[in-house]
Amino acid sequence: MLLEIEGLNSHYGRIHALKSANLTVREGELVALVGANGAGKTTLLRTLSGVHPASSGVIKFDGRDITRLNPVRRVAEGVIQVPEGRQLFGPQTVEDNLRLGAFRRGSGTPDADLERLYELFPVLRVKRDQPAGTLSGGQQQIVALGRALMAKPRLLLLDEPSMGLAPLLVAEIFEAVQRLKREGVTILLVEQNAHAALSIADRGYVIETGEIVLSDTGPALLSNERVRQAYLGL
Amino acid sequence: MLAELLQYLLSGLTIGAIYALAGLGFSIIYNASHVINFAQGEFIMIGGMASATLTASGVPLPLAILIGCGGAMLVGVAVAKFAVERARKASTVTLIIITIGASIFLRGVAELVWGKDFKRLDAFSGETPIQLFGASLQPQSLWVMGCAGVLIVAIGLFFNKTLTGKAMLATSHNRLAAQLVGIDVKRVVLASFALSAALGAVGGAVVAPITFSYTEMGIMLGLKGFTAAVLGGLGHGPGAVAGGLIVGVAEALGAGYLSSAYKDAVAFVIILAVLLFMPNGLFGKRGTERV
Amino acid sequence: ADPIKVGAIVSATGPASFLGDPEKKVLELYADRINQAGGVAGRPVQLTVYDDGGAADKAASFTKRLIESDKVDVIVGGTTTATTMAAVPLVERGEVPFISLAGAVVIVEPVKKWVFKTPHTDRMAAEKVMDDLKKRGLTKLALVSEDSGFGKSGREQTLAVAKERGIELVADETYGAKDTDVTAQLTKIRNNPAAQAVLVFGLGQGPAVVTKNYRQLGINLPLYQSHGVASKEYIRLAGGAAEGVRLPAAGLVVASQLPDSDPQKKVVVEFTQVYQEAFSVEVSTFAGHAYDGLMIALDAVKRAGGTDKAKLRDAIEQTKGYVGTGGTVTMSAKDHMGLTLDAFHMVEVKQGDWTLAK
Amino acid sequence: MNMLTSHEPSSDAAPTARRPGPPLLRVEHLSREFGGVLAIGDLSFTVAAGDIHSIIGPNGAGKTTLFNLVTGVYKPSGGRVLFDGADVSGQAPYRLAARGMSRTFQNLQIFFNMTALENVMVGRHLHLDTRLLPALFRFPSLVRRDSEARDRAAQLMTEVGLSRYIGADADSMPYGALKRLEIARALASQPKLLLLDEPAAGLNATESREIDEVIKTVAASGVTVILVEHDMKMVMGISDHITALNHGRKLAEGTPAEVAANPDVIAAYLGAAP
Amino acid sequence: MNRILHGRLTGLAVLGAIIAVLPVFLTNNFHLDVAILAGFNAVVCVGLNLLIGYAGQISLGHAGFFGIGAYASGVLVGVYGWPPVAALLAGAAFVGVLAFVVAKPILRLKGHYLAMATLGIGIIVSIVLRTESGLTGGPDGMMVEPFKIFGVELYGEKAWYWVVGVLLFGVVWLSLNLIDSPMGRALRAVHGSEVAAEVVGVDTARFKVMVFVLSAVFASVAGSLFAHYAGLITPAKADFFKSIELVTMVVFGGMASTFGAVVGAVVLTLLPQALTVFQDYQQIVLGAILMATMVFMPKGLLPTLAGLLPSRRRA
């Protein structure tokens, strides 16, 4: 068990955004989390990264309780998030953004990784010296993903990685996610493109107004009537 | 005629270098947190007062400056830790008001510690003016300009070439994202305050022989430093230096050729004119936010 | 017994702090001493001091507070001409005796019913300097004045006195009270071949900056200052640059050099001793001004037999032969200062100390 | 009353047939460069009144830039934009809004210092009394119209599916809700031309279908819609006409079926026929 | 948000009641004097809050406008013998025109650059006031004649208290009206996102200029009346520090809250007076209070305190 969440609660002021959530992710597993707008998906990821405090409950990573660790320590443990809305360092160049992704790995030269990333997403190479903030929406999304990969995550938290991407790229991203999984990275994937997410996921969770209401294997959820109606538009 | 002009230029450059040093301090903190630290002037004051009083009681100058720097750094870290960091979610204006509060507080403490009178610090390498084509230059001016020069290069390298420097910048651009890549944003902000406090203190020490040091010396220098930093483009080190020199020279020429009373006005008219055509200062980055 | 309520507004901080700070200290020191000695006519002195930071509007507001809220019997202070003049209409309207510690002649000319002052006027300073120039056979003077109340008034008086005494003003520059660099103005004077001597009219650190810049520019003309710098502080700040500077000052700064025959000698020596013992810093004439102001007020309380404001005012106006740090004071309905030129000494800085100029 | 269709009657609305109407927007040889790179190059196309006209293309093709040029957020480096018969190139956005354009943003532009409802009310700006004196002295007519605007804004929010956020502060809303909020705000100004930049981003399939409905209703009421979207199900389902861009230039144009079958579009964008 | 902040009528009623009852507790002229000064500051701050708090445009030069108003009255009445009311109006008109002329280019600037530009304008104004001593009396200021209207001289703290009280009440009323109007919403939208405001038809430049001019005129009128009341004005009233003080009051009380601006102005006018008891520790205490308040109440005094009350959310 790489990640274990037990009875996790989280608030924004008086708003109870996450209600005793229980969730587990095994080492090497790809788990999808689906839910409507405002269900609390982003909140869950933010609480996992430590940028939003948990009100109660326990988060265990690799057997250790990390509920009270600060974000920096969690990143050091290898918990890496691709945040909603991309959150780039706008005025800094694309390459600086990517290098900063490797910040926690210290001063070692991540040039080889950078090169691999450029192979994977050629547009990054083209735009490497441009301020990240001036890129198109989809290009920025790729920078955000690339930056997270530079950190060599153990647990990758993806918050809607396909948002704003052209169909071709969506396919590429999902392929990349699968490849990462094959390389041993554990992934928790939040996606509005529930169909694609559940298709590649080992298991999935459904969250509604802050509560986890359903969990099953990916294929089972895909054929679940409730899921089909509420999230797949079928 | 030429000697007169040269004299004004030299005085302007000296004063300008002082402003430049103050402006650099603003830029550093801005680069780490987008906070405008109105207590920057007080760091300068601490440096000036510490070196003046310590040397007066027999401490050798380099040691006195070092102690001043250390003291200023402690104060800077305290301001960052107990005030700025705690109000992290507050708006920029609120943070500015906090630093104003800090500056009033520090001035009050300084008055208790050092008293209200002016302190004198001997020039580092004598007071015999250097004669240049009929104009004279104080040796201390060279110290000021030299310090400004060295520091701007060091700071430029730091922010543009080191990962730590880039991490500082990143923190100011997007604190959330900085946390998510593992940057300890609190430490970054503390470090930036420590760094600019040290810088301010060195500045205070080298300018003290020219301006005297007193507990209120930071007010004017702080204001002029802010001016220099904005004129050059906030966060841009060489810009702050250029801004400082421009303000200093404009003042000296204004005092020389127009009227001493309007010398500050001359500087501000120039600044307004620059901002009209370059809304982000001389070297400031243009907007990188898209819709 | 009812305390005698003495109010004070001084500029203990701000650009005039090197005047106001000693003033504040002296007032507090002597109020204590007098109370320990049993007060005045059996009544203790209750002192309320406000620091106006050198700002005229703050001085006005504190004056109002002293009159309206603290209900003081007499006000000492107004460190600078500006703060004094801000208080003047209020004390006139509120009918409270007011003894200013500032220099300009406008404070007491024309005479205002409730307003008095202790230091010599700027006009006297100008006269003293002109006399000295004449003695040295110099006739062309360059003036550098501060753009503050004292400096402006001093400038006007200098212009007037120069005309009277046939001295030609060949340059007329100004600087700001907070300026840290005056080389531009001094450069103009250096390049003016007519100038034979330079007079600086200002307070606080400004004149010290001028002095330093003056030497840095290598100007060798005789340099005069006003009594606005008559404090060791000035010499300390200007350092070696102050060597040879001349200025008119009260006897206090050269206490030990005064001839024993001088009636002031005993007073100034004793005051110097008390002051230096209490604060272990060198005495300044400004401290003396405050001392004189307080003493004249309390002396008047004794003579007036109480603190009725009208009687107190009359008693102050009738001060006769009071020997203070500034000289022997004899006031009248036409003269609310009561000092003559005799008590003003031309002093010169030699080896970092004041000496009576020959 | 259905707010989405309650626009002021426009004479040229032709709701009957899906024949292309007269052009409402005409883009001629438009270009825009950033630091020497052309984000839009020599682009020309027209949008017929009453149509739902989609712009598709790979990331970085220049779709958002095109929106910014059409709505006056950026000034073109060359070419013209004609709206409703008039040359409006380089006009300020607020002038274009007065002419009847409104839009949403790919990078959310929400008034986070206000409530959700107030955000939508700002959308009614053009239809309210915004003079200083009536505001200072609170003229009754102003107050009355303002409260009508409030009701109207609330109804619009309901129609885009935001009824539960009517009283909420904008800064407490989740991403998907904010996308809808932008649509409501844009609709509040009762535009002739509505430009939507990825309205379905961040919405799941079911939620996207809701937005489909909203767009269709709006279009049915005679509002012309230009849509940028990567959700091909939505684009192919509701568009009357599609223009595909690549590298700032036109790649293909036509009905959804035509464009979807175009080999260039498939190669550059779709990957496989949807 | 709380009812107290937004319920216009409740807020106005409370303000009116406080103004009406306060004199009972102000036992001497000095206390009235402080209240009057607080009132003048509050008037300026309410206007400044429209600009800073609502429209999100910083100004570090507003004391300049206050100063121009004050000196217009001082000079026109004292030197040229104008009737005070005419001088006040002329000052306000001049400030209005000046603000209008500078606003357009300046308000294109953002954030700290705007701060710098407004600061520059304020400083230039104060330098002119300090230097043109022929008219203005120079650094030490000038005396100003009392305010006369219809031959009646306004004299004494009592009379002025009511004048300022009514003025403040009026200004607050106008400000509340403005904010609760389409124009007010447009101003706040400018703060939130300028492009978004533009694309729904808000001429952001025009609204920014308008609110800048409006707040400058508020400051000028307050300055004129202040000059007559105080009888002495100095360039310090127009300088950078005064501008900073005004901004501090607005932020301290609570940005984007009209009553917050009033509270900020009142508290920060009283505080230095109250702190004189600390003697040499005055500055330290003032600085500490300022810091602590902003650290623990980053939204400002009033909004934070109001937030503590049980609040009913609006539907």
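All chains are identified by letter, namely A, B, C, D and E, in their written order; residue positions are counted from 1 within each chain.
FYI, a residue touches a chain if its C-beta (ideal position, glycine included) is under 8 Å from a C-beta of that chain, and two chains touch if they have at least 3 such contacts.
This structure is a prediction, so every number in the text was calculated from the model and none was measured.
Note on connectivity: the fewest steps through touching chains from subunit A to subunit C is 2. Shared contact partners of subunit A and subunit D, listed by label: B.
Set against the Cα centre of subunit E, the chain with the most distant centre is A. Ranking B-D and D-E by contacting C-beta pairs places D-E first. Using CA-based centroids throughout, the chain positioned farthest away from subunit B is D.
As a whole-number value, the distance joining the C-alpha centres of subunit A and subunit B reads 42 Å. If you average the Cα atoms of subunit C and of subunit D, the two centres end up 75 Å apart. If each chain is reduced to the centroid of its CA atoms, subunit B and subunit C end up 36 Å from each other. Centroids built from CA atoms put subunit E at 30 Å from subunit B. Residues of subunit A in contact with at least two other chains: 134. Under the contact definition stated at the top, the residues of subunit B that touch 2 or more other chains are 111, 261, 289-291.
Among the residues of subunit C, those touching two or more other chains are numbered 147. In this structure, the chains touch in the following pairs: A-B, A-D, B-C, B-D, B-E, C-E, D-E. Residues of subunit D that touch subunit E in their complex: 71-73, 92-94, 96-98, 101-103, 105, 109-115, 118-119, 121-126, 128-132, 134-138, 142, 146, 149, 166-167, 182, 185-186, 188-189. Residue ranges on subunit E touching subunit D, taken from their complex, read 56, 174, 177-178, 180-186, 188-189, 191-193, 195-204, 210, 214, 256, 313-315.
Taken in their complex, subunit A has these residues touching subunit B: 49-51, 70-72, 75-76, 80-81, 83, 87-92, 96, 99-101, 103-104, 107, 131-134, 147, 151. Residue ranges on subunit B touching subunit C, taken from their complex, read 3-4, 7-8, 11, 14-15, 111, 115-118, 120, 122, 127, 129, 131, 136, 138, 210-212, 214, 216, 220, 252, 255-256, 260-261, 263. Touching subunit A in their complex are the following residues of subunit B: 163, 166-167, 169-170, 173-174, 176-184, 285, 288-290.
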